[in-house]
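Structures for review follow.
Two complexes are shown next, each including chain A; its partner changes from chain B in the first to chain C in the second.
After this line comes the complex of A and B, so read on.
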């Protein structure tokens, strides 16, 4: 079957990198067209193409790894490094927004009243919904670890239950945060406070949704017997990402919600 | 008649060699419901897994063994054909690598440091 003398995976030619690049072009140009000419056609096309690309590219990876056995130990090692590097890049992404927050809040300008929170801003009580959100995400970190151990120990039912619980907790966080956004007494347009608050927590919320989706895909794969007790890197990657999302929230909570209130 | 049949089946039952009871499966689908690599690995992953179990490394995943490089203990260079390129780093941290073709047959020596290299056939599973 294989005529290679190495354990690596030389992938077959694929159209998805091209469709992904075209989607990127449509999304960026579409954004500009929407801003200036009020038309959303390019943006919509770009979004559809992006979703199709992601679905088909990742479906192909599942086929190559789980169904065709191309994910040998060195290949898996490469995937691990890849995920670690990606999460590291996301850490730097959030670092930027924390930098913006601390820049503005450590030396508040006279326009804000020389104080933080700025004059006129009613902050959210950190010991109400934000504290509940913290508990929800911490609990989801426990349940995802429970799911991992269940998989390693060959316990199918427990793995499915704990993974489902993790995803439900993720949805609960998103729901609570959406309620908070709706009820908040300030908006993104309310000076640098509103800007730093909603951009930082907003991107975090987006990452919670991405993480929940990744975990949901893992749940479907686990139900369909893709994972073995030794080899389940897709799940591990999702769990790493989820822990990253949890840690970012902890920093957000301490910095913006608590210290910043 | 019935008694004879009963006796016959009793004798047969008594004479049956009872095979050792199947060991209770503690892992995999029969136990908790999650397959093991043993049960489900396929393709290249399975080939490598099976080879490693026998102590073999057909796809050169492990670090090459270290040899003295002398006439009595030459560097053994596995090859899937009858020649392979060797890059000799004569002394540690040397930046000039000495490249040469190693052919099957008698051991060859590095033109710079004189270490002995010998080509050995390497079987690829197929």
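After this line comes the complex of A and C, so read on.
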């Protein structure tokens, strides 16, 4: 039987990086083809390939870590660094959209009426649904912390309850935001106000959906006894991502909804 | 120095509270969930609902501002003139509302 004389994980050859790269190519070219030639075949293929890649790649990681014991402490440390670096890159991603918003709103051009909000734009009342959305995400931060402590203390049922509550709050936020999108008196095509509003909040909403999905996977894994009180990095990564999503919302709320109204 | 039973008990409780991240941390966050977080959501739900009821249903007057309702390129769906979350009551098209005020 072969043994390794180190604690690191030499990963087996895998097809998923290639399928992921092909999916990225199909999605980007597919988007361009859709915009210019109104055909969605490449886009659909790319989406399917992306979903299959994510499912199978992450399933492999769960198998390697939870069932095959490859996630030793040094390996976990590397995974932690990886998640931190990824979230940092996402921070810079959103920083760009905040830059765009402040660029346009701090010095509104004459075309907009020289004012912010621009002439003809009816903004949303920040103290109606947006405030509720803030409370929902802050509450979900409390429930996900309850979930973490429950896992650390071996409280299985409490962990399942608190994690479920967190995911439900995430769904509630998405539902409320979708309603707001439909009821809004302005659209993405309403000049730079509409563009900055919907692109920034839209990408945030996408991240809420991604974060909720990540937490839902953790819920399924918790139910299937994958996590121990000492080793549950998948959950920690999901919780970090969720807190990041919450913080981005707080910046969006203060900047776009409140100051920008 | 010998302490009374009550003093010993108090010291134990205070020590547990300060170490709540290790012992009973889940309980603390469970309490915060049901005493602070969820009631906070409830209050905001009630507030949003009442404010929505107090709204007038008046449709914003249409002014064909050139800096709004940009149509440099058609949307890649439908007739190319409606945004993804188009609401006929609140969103006018470049030449006016589709639906008249109900």
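One rule holds in what follows: the second predicted complex is superposed on the first by the 259 of 261 C-alpha atoms of A that agree within 3 Å, B and C clash if a C-alpha of one lies under 4 Å from a C-alpha of the other, contacts with A are read in each partner's own complex, and residues count from 1 in each chain.
Keep this in mind: a residue touches a chain if its C-beta (ideal position, glycine included) is under 8 Å from a C-beta of that chain, and two chains touch if they have at least 3 such contacts.
Please read these numbers as outputs of a predicted model, since none were measured by experiment.
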Q: Sticking to the clash and touch definitions up top, decide whether chain B and chain C on chain A clash or fit.
A: fit
Q: Examine A:142 and indicate which partner it touches, taking first as chain B and second as chain C; both and neither are also allowed.
A: second
Q. By residue count, is chain A touched more by chain B or by chain C?
A. C
Q. For A:56, is the partner it touches chain B (first), chain C (second), both, or none of the two (neither)?
A. neither
Q: Check the residue A:229 against both partner chains and state whether it touches chain B (first), chain C (second), both, or neither.
A: first
Q: Go through the superposed model and pick first if A:153 touches only chain B, second if only chain C, both, or neither.
A: both
Q) Regarding the shared-chain residue A:68, is it in contact with chain B (first), chain C (second), both, or neither? A) first
Q | Minimal inter-chain CA distance - chain C and chain B, angstrom | A | 12
Q) Both chain B and chain C touch chain A; at which residues? A) 153, 155
Q: Flag every residue of chain A that touches chain B in the complex, lowest number first.
A: 1-7, 9, 67-74, 151, 153-157, 159, 225, 227-231
Q: Mind listing the chain B positions that touch chain A in their complex?
A: 27-28, 31-37, 39-48, 59-61, 80, 122, 124-126
Q. Considering the complex alone, what residue numbers of chain A touch chain C?
A. 34-35, 38, 111-113, 118-122, 125, 127-129, 131-132, 134-136, 138-139, 142-143, 145-146, 149-150, 152-153, 155, 158, 162, 165, 169, 178, 181-191, 194
Q: Within their complex, state which residues of chain C touch chain A.
A: 21, 25-26, 28-30, 32-33, 36-38, 40-41, 43-45, 47-48, 51-52, 60, 63, 65-71, 76, 83-87, 90-91
